[in-house]
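Once you scroll down, you'll see the structures, which are given as structure tokens.
Note that chain A is present in both complexes that follow, paired respectively with chain B and with chain C.
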Partner chain A sequence: MSLPRDLEALLLLVRWDLMRMWRRKIFVVMRVVWFAVQVTVFGLALSAMVRFRGVIAQGIDYYHFYLLGVYTSMLFSISVSNAYEVAEEFEEGIIEYHLSLPIKRSVLTVGRSIGGGLAAFLFTLPMYAMVLALMGGGPPLAVVASLGAALVFSVGVVGLVLSIVLSVKSGDATDILFGLIDAIIIRLSTVFYPSVVLARYAPYYYAALANPISHFVDFARTLFFFEEYRALALADPLLMISYLLGFAAGLVSAAIYVVERKLEGGGWR
Partner chain B sequence: MGVAVKAVDFVKRFGSTVAVDGLNLEVYEGEIFGLLGPNGSGKSTTLLTIATVYKPTSGDIFVFGHSVSREGDEVRKHVGIAFQEPKAMWVDTPYELLLWHARVVGYSSSEAKVVVKEVMERLGLWEHRKKQFYQLSGGTRKKLEIAKVMIQRPKLAILDEPTAQVDVITKHALWDVVREMRSSGSTVIVATNDMFEAEKICERIAIMYKGKLRALGTVRELKDQIPGGDVVEISFEGSRELVEKVLGGLGGVSKHVVDDGRLVAYMNKGEEMAAEIVNALTGYGIKVKRIMVQEPTLDDVFFYFTGARLGEEQ
Partner chain C sequence: MEVMESARAALLFAYRDLLRFWKFKHWLASQIVMNLADVVIFAFVFNNIVNRQYIPDYVKFMATGVLAASIFASSFSIGREVGAEIRREVSHYLLALPAPRYALIAGRVLGGTLRGLVYQLAFIALNVALVGVPNPSQALAIAYTSLLLSAAMSALAIAISTSTRDFNLQATFRALTYYTLFFFSSVFYPKEVLALRFPQPIAEAVVHTPVSLAAEVYRWGFGYSSSVSPTALLEITAWAVALLAAASLLYARNVSGK
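== the complex of A and B ==
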């Protein structure tokens, strides 16, 4: 029995992004090695400093907090780096080629969002395994749920990336915008600072509250260290995962709107 | 004969630049149709709009009755395009790229392998299958684009300058491929700025210049639209005055020059008229020694309709 045409096309678009990632395997290995250095050398040093200064309350291990934070920042950065690849594809005319294929625009967008998200997810999977090992493992349910949430999160980020890159149609604007997004959004979140600390600064706190990165990282922390972090988490786990699902669905829908209604070839600056 | 493509008052603007201005034309099913014009004449914009890559600013284009503005999904089911600039990332290998393309256009995994190998061998691409795109020559890259359309076998094949920057041998091979596409049931639209190519492979030609359609028809029809475009040269033995008299009595000759034993006459439909002139001359006892009919080149046609020489416009 053959798959329905749209589903088959969607899977082929996912494959497109995975093939693209596979070609960059050397780059993946380099990033994983750098990540290993970051979570061992710098991560342990940072946690020791935090313990020494007593920033975090007793009974809470900042290293655990940091590990999932740094994984999240990596997942976000890798998902955002799709922007530069989509920009390159536009310059090389690949977007025009894709627009000419016998594929529905909605399928094209969803396929590229899932493909880009899945590629970022697989890229960071060795990093996730490293974090898991450094945390001393975790309940299987927590592992599965956090991985699922990671995939949803990265698909949402790629949806955002597609909407913006395909709207601005400019290599320079893409570089500036996504450099800023990558730098600022991570910092306006609970990736490295718990919400209780951020709560002292209202604008910072509300920015973190609206930030999907905070919801993903705190959801993952709650899954692994419920007792330890429930007082620090941004919200109830169900609310956080709902927020993430809404984020992904919303941004992929926005990307579909851009591709169906606005996007056409040419005009790249 | 059915209509494959129908452009109705099609306009495409990019900002303040008008790329195509009020295009109206029909491409018939099963023909090889040429869009002839220099760079910037609106050929590629028209083709990319037919392939739904661009959206019309106003007007519309219908492909087998489906609007590119409103029924893009339906249009794309019937259209395959070989872009002017080959589309691939520098690390792509031809085999991987074509295999993926074959799957997207509807082949199963096993069918895709067979058809890709077949097409690559047909185009002489098989030996390059594992090279990366940046290692391929310009001609090989062009063939890769054509291979996508050959694999797809669409009802409407669009080839945007398929032989630009390729050597003569490859050019002839690609012309054969274009004819094969038509023979296998595709309607083919070829954009070109090569007069010889247009004349060689296209059954009907649309001349575009500065975004507007300037002329449309078969090569013969276009040539015949040039007043006095054909030149008939006759060498004869006999009285010059008599020849003048005979020519004066014939209609359809725009201009003629007679000197010692040689008549040069300008007219339309030169081949038919030449026979008439010869009959008239021999009827008056003038001996005709040699006849030569020259028709205008497509370059002359382009000049006549646009006021520009194609070579100067590139």
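== the complex of A and C ==
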């Protein structure tokens, strides 16, 4: 197949995922409502009881720290929820239908990863706007760069989701694995606490260091509040964005490997 | 005689629900890990940045709060199933059984209550290890609170999950209920902190919600705090009766499609 045909197929697959999200408008609205409750009730109360001590510089606004953290956790959870959609597609035979289409497996995987990532990214845009408004805006460059990083991050998470769901081929295993991933990975990251606090517990700290969530959220914080967070961030901003790009490219490649080598022949449990 | 038969039918429904609890062991495992992660990761790390003036030990504070959250997670598992029954129309089969409707409702709520209590056992042990051992009167208060909270949450979960046939909407309603009940409670933060951020009437009202009241009883019961409101158990009873009555009526309406 030629490159134009591959690109056309890619666009069709991206559209498939976007249409699927569009059909869930009420779901989006309700998620936005509970996000509003989360940032206005839970976030405000949590920030009232935080007092940074010791090595952490004074004058850091925990509420701003929390806002970008909770947006990241929402983007991660929405991207992870693709796992349940893919599991449902497997049960309904849609995955087999996709495999039967005259589309290269690699194009199919890249299309689904970008489509799922883009859908999750668009889904969380109202939350991003809310966070931006509560932070009192931000430099346009920071907004553009953080949105770009958010898209890369969600494509990587969907790549991870596709690799796992299509490898384990089990509804139960998907349910437990992603329940665990969602619960543990967010807590073992810098979403709620800075890395210097996590550094008091070596296993937690090294887990956070390897965690793409920490890299995305700290990158976004550094973009918006460079002076306050540069000493607290997990790493240099260039290193963090490189890590995110590597994460997305690596996980989408892993998904391509799984779809090309392991998917054929059914075996869904 | 008829009453005895209805009671037997209700017990059978509850027994069936209790047996089916183990069918969802994968889902249960992920719920337990989530509740545990709140204590052994989140509270442990967050303890280092909490203002000690409000919370001297956030690990102990959260461990007792998670007891209330664990009741919610397990009691809501019955909601998931009853919701699925409505979607798959298994509810028609249940309505056709030779048992009065009130026995069906009572049985389902009882099943959910028992699930909540079984699930909570692990977290009771965690609190004994982390916070303290309750004396007999405190243990009685903890058991009474857990029983009522579990019954109220099960009834609420059943009513909410049967209010729509859409799976995504059911999950969203459940999450909204969780956020409303737990964010407007003293599970994650004490009332002094709420008073700092919100108008006095709201901060005052939050103290009297069922989840806040249960968390306060647990904190006193395990020895984290030295006192508890003398009306706490009375208020929990009133909440449980009101929620049970409203939710049972709603479930009766939803299950018969009226």
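Annotations for the structure displayed:
Just so it is clear, the second predicted complex is superposed on the first by the 258 of 269 C-alpha atoms of A that agree within 3 Å, B and C clash if a C-alpha of one lies under 4 Å from a C-alpha of the other, contacts with A are read in each partner's own complex, and residues count from 1 in each chain.
Keep this in mind: a residue touches a chain if its C-beta (ideal position, glycine included) is under 8 Å from a C-beta of that chain, and two chains touch if they have at least 3 such contacts.
Here the structure is a predicted model, which means the values were calculated and not measured.
When the two structures are aligned on the shared chain, A:Y97 is found in touch with chain B, with no touch to chain C. Using the contact criterion defined above for the overlaid structures, shared-chain residue A:A210 touches neither chain B nor chain C, since it reaches no partner.
Legend: residue contacts after superposition of the two complexes on their common chain; A:R23 is shown touching chain B, with no touch to chain C. When the two structures are aligned on the shared chain, A:L239 is found in touch with neither chain B nor chain C.
Of the two partner chains placed by superposition, A:A133 touches none, neither chain B nor chain C. Here chain B and chain C are compared by how many residues of chain A each touches, and C touches more.
Contact with chain C, but none with chain B, is seen for A:F192 once the two complexes are overlaid on the shared chain.
Of the two partner chains placed by superposition, only chain C is touched by A:A183; chain B is not.
Overlap of the chain B and chain C interfaces on chain A: none, as no residue is touched by both.
Chain A meets chain B in the complex at residues 2, 5, 8-9, 12, 15-16, 19-20, 23, 88-89, 92-94, 96-97, 99-105, 264-267. The residues of chain C lying in touch with chain A in their complex are 26-27, 29-31, 33-34, 37-38, 41-42, 44-46, 48-55, 168-169, 172, 175-176, 179-180, 183-184, 188-190, 193-194, 196-198. Contact residues of chain A toward chain C in the complex are 24, 26-27, 30-31, 33-34, 37-38, 41-42, 44-46, 48-53, 56, 62, 172-173, 175-176, 179-180, 182-184, 187-188, 192-193, 197-198, 200-201, 204.
Residues 14, 48, 51-55, 72-73, 76-77, 79-81, 83, 85, 87-91, 96, 100, 103-106, 108 of chain B are the ones touching chain A in the complex.
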